[in-house]
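Next come the structures, one after another.
You will see subunit A twice below: alongside subunit B first, and alongside subunit C after that.
== the complex of A and B ==
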């Protein structure tokens, strides 16, 4: 009843139905593409904002020295070429000729040097500073050359230079990076520039005619700020936005059941570079006992989580890397679901149900703990499935879902938790020093589970200084093996990234390259017959 | 309350309707373990988000749990929270209102200013703030709702005490040497019961709403325990598709709150001589 009314209210006007989205059109410039995001960026200087909303917009405006191509190899972005010295400690970047900022000012190596100084400045307090602090010396022999030297060879160095968005020195010099108006009125060098930012409503980008990489096809990118996911989906159904990320239920249940949506939307599915896990606070008893951690791992049915929560749109993993990439150790297999083995391990660790209440005890204390997670439906559901499986083997689990900001400040930063269900989104370099190295346990740092394993520490240190790709791969395969054996976390699933895109957006690389569906988006185009009326686009 | 008063109250058709609604919901909630077709926490990943059918009368939720069973068990939580929270707020309200109305003077000033301060804070936000510092659980929710909604009762009781204290039978009793406690418990309080009962019944309605609101925001009853509020949250995401997850808990909250309001209003009409005379 309700569903009928809602869909009827959102039927597009009949004129739109006559558009033929199946036809092939030649690439043409112009048009407006409308997207949506749930959170508004705090600013567009990514090194300060450090949030995904900021990155999503800023990456259209700024360039880095390097970028990843379709097959995830590094290529020049602002840099035309780069050379690595024989001792592997110095990298020399050559910039492309005649680079300019969107305001016409030339872009030179001085801007790069300025950006590096800014990111390592203590006053900037950038969460990404650590990579760049390892640079011992940076210099600019001429306007097109930027040279950095490290104390010792640093394997993730090149990757790090693909992550640093270069900012214009002539506009930012002498300004306080935290309060500068530039964060809301940026001038960049990439395909787009900021047009209008309506607070809480939308951010409009238009094509940068002076783009260092040549012109993009689509004229305007509008990103609407719609905090609620279901409201976003209503807007997608009403054809008021062109693209959004989907959850498994929308992807495999709702859209397929609606022919009018299927007719207008292309759906994309790609394995993301992220995974969901259950992490133990290793400083709390009894999680310091490897038998307990393993028992819990055996007791959790990961396939059930993938089927029930992700509707099959996930993969069971055994190493903290995207399956199928060179860093992922294919020889490892996940802990199978085996309740009997779990019970035996717990018995070995001294947990016995002495009072026949169904809950195990050790030293008179029942085995009970709390799983905390942020308010993310998939994670909450996973926690409920885990809770049930652990009850089967005699562990009493409580679940608590907490809003993100207080989740981080009150529980993660203070280490005041037993078990978390969370996810890691990973970069392309295999270095995971900041997540697993024992030195990274200060409040706010990423090793909040308190993992401390000298073997892992050594492997991580080796991996950072080894530049030979094959040797480096072996190091990370060994790292994943030790990690799996030691079981500081339980891998739950690597989920697929699911995207809906209106069929009016054409030129999307097919099949999806390793770099993802968003790759080469400057070549996307909207054929004139398929465009919205300009009024409805606003 | 005397039998004829109850009779009078229930002769009011609205009050009778409210009473029947509440009674039905109570019976359903009490019998939940017996009449639920399924275990409310029983997960079935092969039956996710099924629509209403003969097998699942109210469909299933995002983990394949039977919505009808969860609704019945959730009803227990909602009603329990409503009753206990109102019990707490009424007890506090009577105590403070009696103190203020009986002793007057600085005690009255102090308590009434406290009431003013509490009333000046929007109660839902106060509750949100308090819950954010505590662990959300049924017990905490009941206590917090109780501790933040006693002000109305305090004012009522104080006003009743102030007016009753001037009446002849109280004055007479006082002259005959009755002690404070005797005056309060045998004369003042029993004669103030009417407005207290009415306000308590209406209070249950707002406590049920409050609990649903908190659970909807994820600050109330925690998974896997069901309550109408958190079934509604689960449904929010799929409202265009799985309407049964929004409709049924929404209706349950609506009907319960309506029931309590009808009963409360009806009782007021029946028991209060000032408003009852014109019926």
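== the complex of A and C ==
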């Protein structure tokens, strides 16, 4: 056993046949790219499957009306153009000419109408139906035109039409969307189509020759289902997969210390559309007091969390939007770490250490609370660092990590908590009505911290009905400013998404555009000399 | 014997109902349901949609009503469809009107888990019996001590750690064995012999590693059984008759010492069916352990109930077979059974 460990720990893996991965080759069609994911999709009809694994595969197969371009502005996907009526209540989409499904059947506005009717159907179990239920009338004046009308102008509407994957009416009509075999052998319109789905093992896609967007370069996309991250990484080391998502340790410690891995892999980091925060239950005392919230914000050293928990692979944020996008207000800066200011604010709020036990008291009661979080290592570690910093200024903090389903139903839904450490993953539309508007506080809704600020309510309502991008931007810049000042949550960090990609995959846009490393992946290619020997491909 | 068998089989019905009732209620005691899963904690997913889901899955009804609905379907041997797995049938395949076959989740996972665990059990027994006998024969000698040491090292090493280490050594450094999964990606292009070779190479690590770490218990069992038997009068008699040591140990003692093993194997049946979450996760094997674990985390009640019910039915059946084999192997028990 010991000798096994010694030999396993000391010898580098043998390098495979020497291939010059540093060289640049011209773009060429063909080849197979192998990826891995930890969870298997339940089906490929995203509107009912709902999970990210489903979205990851289905987005290669289906198109929506609109999509985001490299700089995260909307452009046509199936739609060639769209017009918004003067009263901003009606959107008319014009489809591209000669669209077809992978089976050769024409793709028309009737398919779009069918998909919309399906998602809003009473019997359809879709968690994402609410955006589409706001459509009062949908019409198809001709085969290339799709027209939707809303009761009032709804700014997130355009974004919502980039999220609805259009399904083929001719194959799904009369089927039960929840049990249809189509979910496991779909026919789409995008760059790829499903070849084989081996339950629990892998999903293989191949190029769709009738793709509405033209051909992709890489022939086959294979996604292996490998639930364990370490096993995935071993497969990456053995060159059995080309790409995987990394955690900070692998990205900044393991790969850089192994020359044989560096030789084969490109590493990418990009900001995601998500952030981690600490949220106060604003209905509980003393978190209703803005001085207390600010004091806690000043007392937490966010850089320490980024360095300690994310190994520096994150950034400090001051607004709930991805930095660098138009919605993020660059004029705002996060609360700095300032323990003195924190103590002064707490004193102002009436917290004084009367019995010299190191813990502050107000009205004879010590300042103590519990931070709850779900079982997520990074959030737990962040909570520990927060605990220590708050102890420094005289607050006694306990931490509890709870399994997800219990966490949501026992604590978040019932509002039975003081402070949470959680994260938000957001869409690309800036509308955050469901998170911050005072009307969204019922059990199960997302304003579970009980935030109630009339100024914020008004800004959110304005932002929802303003379709002009520049005016809308100003509204959300103001929204982020008020939110930062009011401090209902403490922004902890926005972590980088980390990806390893084998150097045989070429043509990746460099530098990474705001849309991310996966942008324009249909242009990626694998030069012939760098391809895996397909026979030995494990 | 036949009446005994019929009685035992009939007894399984109330047992199963009791097991299912308790499981059902315990499962519903855990907070949350399918609508609380991580995918639903998305600002785009509204509470109204989730409430609608709850109604469609009957999750808004009292637990006892839900149990009644479940039992009613069960009586027709209908295990229902998964909440989370795109309405896949929980147990056995269904065919829709266009002739598309959707395989059942347990139907797919159970054979994989059974194959791995039965192979593992066979290897464990093949190693444990000789080791136990040698240890007993040379009790307190160096052979006994090294076997004990080896066993306890195996017992103490965490399986996942050993697995990762071997995956690195055999898979990454030397490329001798595949790292994870059940088949190669191009499995379908192989001929029969190639397919067999491919399957075996994928199974070596997931089968052998749990066997080695599970060896200690059974070896100790065989050793102690052997020691017991070797000190009994009939062994002294055998030796007095002048039989050589080989005959004493392997013909007379071993057969008696192995009797308790039937019970051990019987007791290991739930494990054979249940699979191991950790091993299946590390080796990317779509087996019963992973199926059950994911279903519990997702609160996918039909799957949880399906796995529990089928698992308990097979366990009860396995125990029955163990008891019958015991009676078959040991005349003393057999006579007792006939009288009873």
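Worth a mention:
Everything that follows uses one rule, which is that the second predicted complex is superposed on the first by the 497 of 538 C-alpha atoms of A that agree within 3 Å, B and C clash if a C-alpha of one lies under 4 Å from a C-alpha of the other, contacts with A are read in each partner's own complex, and residues count from 1 in each chain.
Just so we're on the same page, a contact is a pair of C-beta atoms (placed from the backbone, for glycine too) under 8 Å apart; a residue touches a chain by one contact, two chains touch by 3 or more.
Every value quoted in this text rests on a predicted model; they were computed, and no experiment measured them.
After overlaying the two complexes on the shared chain, residue contacts for A:254 are found with subunit B alone; subunit C is out of touch.
By the touch criterion defined above, A:408 reaches subunit C but does not reach subunit B. Once the two complexes are laid over each other on the shared chain, residue contacts for A:235 go to subunit C alone; subunit B is not touched. Once the two complexes are overlaid on the shared chain, A:198 sits against subunit C while remaining clear of subunit B.
Of the two partner chains placed by the overlay, only subunit B lies in contact with A:399; subunit C stays clear of it. Of the two partner chains placed around the shared chain by superposition, subunit C is the only one that A:51 touches, whereas subunit B remains out of contact.
By the touch criterion stated above, A:444 is placed in contact with subunit C alone, subunit B being left untouched.
Of the two partners subunit B and subunit C, more subunit A residues are in touch with C.
In the superposition on chain A, A:467 makes contact with neither subunit B nor subunit C.
By the touch criterion defined above, A:153 reaches neither subunit B nor subunit C. Overlaid on A, the two complexes show subunit B and subunit C touching the same residues of subunit A, namely 1, 7, 230, 234, 237, 403, 406. Residues of subunit A that touch subunit B in their complex: 1-3, 6-7, 229-230, 233-234, 237, 247, 249, 253-254, 257, 304, 307-309, 311, 375, 377, 380-381, 383-385, 387-388, 398-401, 403, 406.
Taken together, the subunit B residues at the contact with subunit A in this complex read 41, 43, 45-46, 48-49, 62-64, 132, 135-136, 218, 222-224, 234, 236-241, 243, 246-247.
Across the complex, subunit A meets subunit C through its residues 1, 4-5, 7-8, 11, 13-14, 34, 40, 42-43, 45, 48-52, 122-123, 125-131, 163, 178-181, 183-185, 196, 198-202, 204, 222, 224-228, 230-231, 234-235, 237-238, 240, 403-406, 408-410, 424-427, 432, 434-435, 442-446, 534-535, 537-538.
The touching residues of subunit C, counted against subunit A in their complex, run 30-33, 36-53, 56, 81-82, 84-88, 96, 98, 100, 102-103, 108-109, 153, 157, 164-169, 171-175, 178-186, 188, 280-286, 290, 297, 299.
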